[in-house]
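The structure appears right after this line, and notes come after that.
Naming follows writing order (A, B, C, D and E), and every chain is counted from residue 1.
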Amino acid sequence: MVRLTKKISKKAGLPPGSLVHIGERKTEKPRIRFIAYNEERFEEKDLGSIEECSLSKPEPSITWLNIDGIHQVELVEKLGKIFHLHPLALEDVLNTDQRPKFDDYEQCICVILKMLTYNDKKNQLKIEQVSLIVGPTFVVSLQESEGDVFDQIRERLRKAKGRIRKMGSDYLAYALIDAIVDNYFVVLEKIGEEIEILEDELLSDPKPETSRTIHHLKRELIFLRKSVWPLREVIAQLERGESGLVKNQTKPFLRDVYDHTVHVIDTVETFRDMVSGMIDVYLTSVSYKLNEIMKVLTIIATIFIPLTFIAGVYGMNFRYMPELEWRGGYVFAWAMMIAIAAALLLYFRRKRWI
Amino acid sequence: MVRLTKKISKKAGLPPGSLVHIGERKTEKPRIRFIAYNEERFEEKDLGSIEECSLSKPEPSITWLNIDGIHQVELVEKLGKIFHLHPLALEDVLNTDQRPKFDDYEQCICVILKMLTYNDKKNQLKIEQVSLIVGPTFVVSLQESEGDVFDQIRERLRKAKGRIRKMGSDYLAYALIDAIVDNYFVVLEKIGEEIEILEDELLSDPKPETSRTIHHLKRELIFLRKSVWPLREVIAQLERGESGLVKNQTKPFLRDVYDHTVHVIDTVETFRDMVSGMIDVYLTSVSYKLNEIMKVLTIIATIFIPLTFIAGVYGMNFRYMPELEWRGGYVFAWAMMIAIAAALLLYFRRKRWI
Amino acid sequence: MVRLTKKISKKAGLPPGSLVHIGERKTEKPRIRFIAYNEERFEEKDLGSIEECSLSKPEPSITWLNIDGIHQVELVEKLGKIFHLHPLALEDVLNTDQRPKFDDYEQCICVILKMLTYNDKKNQLKIEQVSLIVGPTFVVSLQESEGDVFDQIRERLRKAKGRIRKMGSDYLAYALIDAIVDNYFVVLEKIGEEIEILEDELLSDPKPETSRTIHHLKRELIFLRKSVWPLREVIAQLERGESGLVKNQTKPFLRDVYDHTVHVIDTVETFRDMVSGMIDVYLTSVSYKLNEIMKVLTIIATIFIPLTFIAGVYGMNFRYMPELEWRGGYVFAWAMMIAIAAALLLYFRRKRWI
Amino acid sequence: MVRLTKKISKKAGLPPGSLVHIGERKTEKPRIRFIAYNEERFEEKDLGSIEECSLSKPEPSITWLNIDGIHQVELVEKLGKIFHLHPLALEDVLNTDQRPKFDDYEQCICVILKMLTYNDKKNQLKIEQVSLIVGPTFVVSLQESEGDVFDQIRERLRKAKGRIRKMGSDYLAYALIDAIVDNYFVVLEKIGEEIEILEDELLSDPKPETSRTIHHLKRELIFLRKSVWPLREVIAQLERGESGLVKNQTKPFLRDVYDHTVHVIDTVETFRDMVSGMIDVYLTSVSYKLNEIMKVLTIIATIFIPLTFIAGVYGMNFRYMPELEWRGGYVFAWAMMIAIAAALLLYFRRKRWI
Amino acid sequence: MVRLTKKISKKAGLPPGSLVHIGERKTEKPRIRFIAYNEERFEEKDLGSIEECSLSKPEPSITWLNIDGIHQVELVEKLGKIFHLHPLALEDVLNTDQRPKFDDYEQCICVILKMLTYNDKKNQLKIEQVSLIVGPTFVVSLQESEGDVFDQIRERLRKAKGRIRKMGSDYLAYALIDAIVDNYFVVLEKIGEEIEILEDELLSDPKPETSRTIHHLKRELIFLRKSVWPLREVIAQLERGESGLVKNQTKPFLRDVYDHTVHVIDTVETFRDMVSGMIDVYLTSVSYKLNEIMKVLTIIATIFIPLTFIAGVYGMNFRYMPELEWRGGYVFAWAMMIAIAAALLLYFRRKRWI
């Protein structure tokens, strides 16, 4: 389950720009993937250490550095030195308990997003932080662990598919953000399916676990919403692009991602609306079912109690009880008991209780 | 029932502008209807294939191309070539899991709406996507399946009724949007009737199915709302008309549709308010009814239990029980039992329980 | 009860400006009242037909045409010709399922309001549409049925009371709107009284009908709100008065009506707050009352069940049961039973259950 | 209890500026207190009638006229003549069912506020209307009944404490508003105490009256909120002071009152949040307590019912019942009964029901 | 527990700028810590009395005066004289029942914040007010009691760590605010843990105390929210920095604190969402558990009641009861009873009740 808070208290009291990793260590050794490309050229390699990376190239090209695993503070520190990054940007990258945000540090842009994945087996949402640092000729993307969301972009770069090789670092950043937002739809689809299964279960056969699943879904939607809401503002700020880094030809594409984000938010809100109504339906179903049982049982008991009383009366040992001596006493008693039961049944039926 | 999400994940990771159809295939073979008109002339035909369509006409006229069925990606691709449409517009047209939206691509405007129909027999809402691509001399409208909402506009064009033949493509686009929004009122009327029937049922004879119907209505209103809310902004953007495509004389009409949209939203909100109050009334009714039953049954049981105890006492087999020997013992026992029952009844009445 | 929707579907698909009456026919024959006045002159008559009306007067004066009953489409059509009204304005007048709105058609202003009346006997809210079409020298007011809200204005005009005869058509329009808004307070007062009666009933003796009355009130407040909310914007637009029809000296009065409207909205919201809290109080009261009953009854049953068991034991027919032979057996049994009952009572009291 | 609405319907249909008193008559005879002061001079007297008041003084000074009791329409009428007040201002003063508001009538400012007092004995909120009419050299304050909130300001004026004697009518108006807003904190404190008492009661020993007190508190907070919310806007408008009446040196003080008002609104919202959560805690507590009782009682009954059955079996009068003849039959029956009771108890304990 | 209101009524009616301490006295004797520094120099001492403090230094440096304990009105009065502070600023400092706020008094800035600490043992939130008065060369910080939140800043100053010694009073103010906001994360972490523990308890074994804990958490989140919400606006105003006191190089840091504040608010809202859903889960769990018990018990009772009736019938003492004379009568009775029990059990199973 998604943890409510991370150990951000480690950092309390430190001066601004202190580099401290906040979050779980999700991978053994960070993997550093280096890609450099321009319209003609494409180079791809895995770096053993961050020092191998260098920006100084004779020909103009875009460098994309993808780092999976950010728990090594020194790595991020060195990165900062190579790309001349602002210390506050580095601090944000290391703190995985961030709200999605957009920061404009003159020389570069820093975008922090949440990557969502859905574990089908455990029906669990996993939230991971992705940071993009975008400069005029480079993009550095940092993830908490290795994922496959960016693979299709690597493929497109390799095969020079679409316009990606012809455009600048801003378009690459857009492509990465788009890949992340597209992935939200995959997660929403899974959650949508879970909601529909739950809905059927709710109407056919509500169980105590159903209530827990509703609570679980509610909780996940709260986290989903927290991850997605600020994104809208982030992308809007990016598109407004006062920094000059985002070129005009990239803006229609950012507008498209913006629309997708609004759609995601809309869907999350719709899901919340639906799930919040479910707990009522659950309560209604459960209480109706139980009340039905109690009603039937109480009716049975109510019919037999007067009969047992009659039997009790004729079980008394008074010496002088005229009915006991009658020939048809026993039959009379039975007749009385059957009459009472019938009268009660009739009364209950008339009242539409049975 | 309206599905929560569509298989939009098919598209995750593809480069922007990739043409992929998202949604169900709702028709066998797309039907392409071609209408070209100006004030004097009117031409109407069904096209066998999209290639038959051509815009180059000697005399100035408006072309309206209506396509029912958008699952053939090639068709949409060819369409894009003929009308020189932006790839992002084509992508949006094919993806039926869109939020209603307005996009302004210099050479044309793209408006995406939801068409609502209400299946009377199944009491089910059907939501379908309609895309309008509006250029200076043409309107292309794309629907998922064949519908009859635009028939009256075709009729008006044929008979040159109203001002429609005298005005441009922007007015035709307005007329199509107006037809769709007018149709919302038909759907709202049906849902309104359903709510009123439900309300009567709720107050007269609440059943477990009532709770399900409330849930079902709530769900449909959530979807209705999701389809209608963004429309307001779409039409406002259209009216503001910074693209020059929308002429001033069409704007009062767009303002009128805008008012209708606000009215639709208002009504949807009113319905939501009403339905959300119903679940409470339902719970109250059900619990009141059941509690009444339980009360009566418990009172019957409570009266007989002490009487049965008395009977039990005189059914004991002690050798020395003076009452058993009395002449009037039996009558005395009955008197005692009747007295206890009467006392209890009196007490219950005094407490206003019966 | 207020209907949820009107048969607006009649109009779906018709071209804009089509004149169709939507709503119930509330009066037999429309009554047309004609008043013309200026500071010196006052003329009042009932017109047999709309044709008798004419604006062309030698001396400058204000004409007020009041029409009760709008189900005759031809009447409204003729009216449009005489006063040169915009077809969209006429369409709005005929459609009684409108949101209150303000439209500025250069030559005239069209204001659509809801008139509220409260039927004391049936405790029912009645909502009726009033349209005002205001030109430089005329006001046309159209109602669904004859009402008495405007009588005091007629009286003021006759007696030249206040400033009304000295001012223009905009002031007359203000006076009519003010009369309608003032009437809202009368309706709110009635509903306020109903809420207070309900509140007393709720705390003293909640009945199942109470829940229905709460639901009924909630429903009426939903409709009241729907009628009143948009009014605020309507009057604000009127006051901003970009059309030049509304003169500066009328604006402070419009500001006053605006304040009243805000007060009405405020009160409606307060009422909604109060009523929505009531259903909880009702549920609490009902369940508390019923639980009290069940508790007492269950306690009675619980005390007698062990006693009946004792009686049952000594009613067994075993040949060798020493107690049965004892002299004081019977007394012993009674003592035991009384002891058990006392112990149970003491235990219940200690637990503070009785 | 605060009435929901006042008899504002008395005024419906009258022309604007009609002077009608709306509200209860809360005092016998209006008391008119006259204070005139400047930096050197201070004059204070009770006026027998409004006619004794006159503004024409040789030396420049500020006049403060305090009127307790506004039910005499003529008094307000005369006041209007003496100070040349706008008829709409007078109308607002007389109508005690006003929303707090600010009106700027060129020659004077009219501020309408709600004064709150809390009756400790009856635990009841009392809301009274205070109107301030502020001109360049005078302040007229009108209250519904005599109160002591302004006494400290009179004292400060008498003793020339603080800056009050050195500043203009705008500062006096500020001082009066500040006194009223300060008094809100007194009322909030009382309500806060009531909420804390209620909270303790809720957790320790919830009673049916608790639910009523919650409802009562909720109701008072609704009214409090209605009185306080608009105040924010009123003071903001006053501070913006476009009329020139409010001098710059008074503005920091108005900003201070503004902050207080925001704090009051904040506290009211916090109280509403707390009280609205209480009804849930109440329901939970009550139902938990009652369910505990029912559980214990049902367990007792459930244990004895099988035992009574056994006793019943051996109370049957069949001629051939072998057990009855056994020597140890009776002991055997007891053993069986004890075994059954023990088994049930064990089962219940294992299920953690007892 | 956090008190709802403080004795602010003490101050009602006093002229503005009256110095009255509002709040509890939380410390014996105020502790005054004096630090003066510039890039080269650092001086730190505890002052015996406020008079020892003096700003007049030959060399330019920043003075930081930290006062723990503000219940001595004279101390604050003297402070005001030494630093030439505005009386309204002093009034705000003494009143601990303030909303976080920002005031700009030309010569200095006054920022009022809430410091939060969480008592682990009592699981209680403690809210304390911190005021910062920032002038061009000094910062005065006032707390209600001694805390350790500022210790790390003192350490950084002593060791000249980071940029703090090189920058002005505005950076020191930022550092203090940052320390306070960082501390919020520590509190949120604790509350987050409490929520997670509660959630587990809720799903595994809900107890009546659980409901109280939920109420307690809800209450604390209400107060947390009240303390944190206004902070956003306060820091935004500070950053906008129209007073000239806040230099441009400090602004990126203030933007960083602003982001943290938004994150804190976000987390508080997420917590509120989660806790508010818990009460429903609690109610569902409790009622489900209890209903299960009642069901089993009622089923046991229902099965035995008919059997007891049979036993009662054959316990009747009629002279002529043929079954009693039968050889196999007793066995027949048992058979009948077992058959009835089996039939009922089968019926209940078929109905899926057991």
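Observations, loosely collected:
Quick note on the criterion: contacts are C-beta pairs under 8 Å (C-beta built on N, C-alpha and C of every residue); 3 or more make two chains touch, one makes a residue touch a chain.
Since this is a predicted model, take the numbers as computed values, not measurements.
Between chain C and chain E, the least number of touching-chain steps is 2. Because chain D and chain E share one sequence, their contact can be compared position by position; here under half of the interface residue numbers appear on both sides.
Superposing the C-alpha atoms of chain B onto those of chain C requires a rotation of 70 degrees, given to the nearest 5. A straight line joining the Cα centres of chain A and chain E is 26 Å long. With centres defined as mean CA coordinates, chain C is found 42 Å away from chain A.
Between chain C and chain D, the centres computed from C-alpha atoms are 26 Å apart. Each of residues 283, 287, 294, 298, 301, 305, 308, 312, 315-317, 321 in chain B touches at least two other chains. With chains as nodes and touching pairs as edges, the resulting graph is a single ring in which every chain has exactly two contacts.
Listing the residues of chain B that touch chain A in their complex gives 3-5, 7-9, 11-17, 88, 97-99, 101, 208, 211-212, 215, 218-219, 222-223, 226, 230, 279, 282-283, 286-287, 290, 293-294, 297-298, 300-301, 304-305, 307-308, 311-312, 314-317, 321, 323-330, 333-334, 337.
Within the complex formed with chain D, the chain C residues making contact are 149, 151-153, 156, 161-164, 175, 178-179, 182-183, 185-186, 188-189, 192-193, 195-196, 203, 252-253, 256, 259, 262-263, 266-267, 270-271, 273-274, 277, 280-281, 283-285, 287-288, 291, 294-295, 298-299, 301-302, 305-306, 308-309, 312-313, 315-322, 351, 353.
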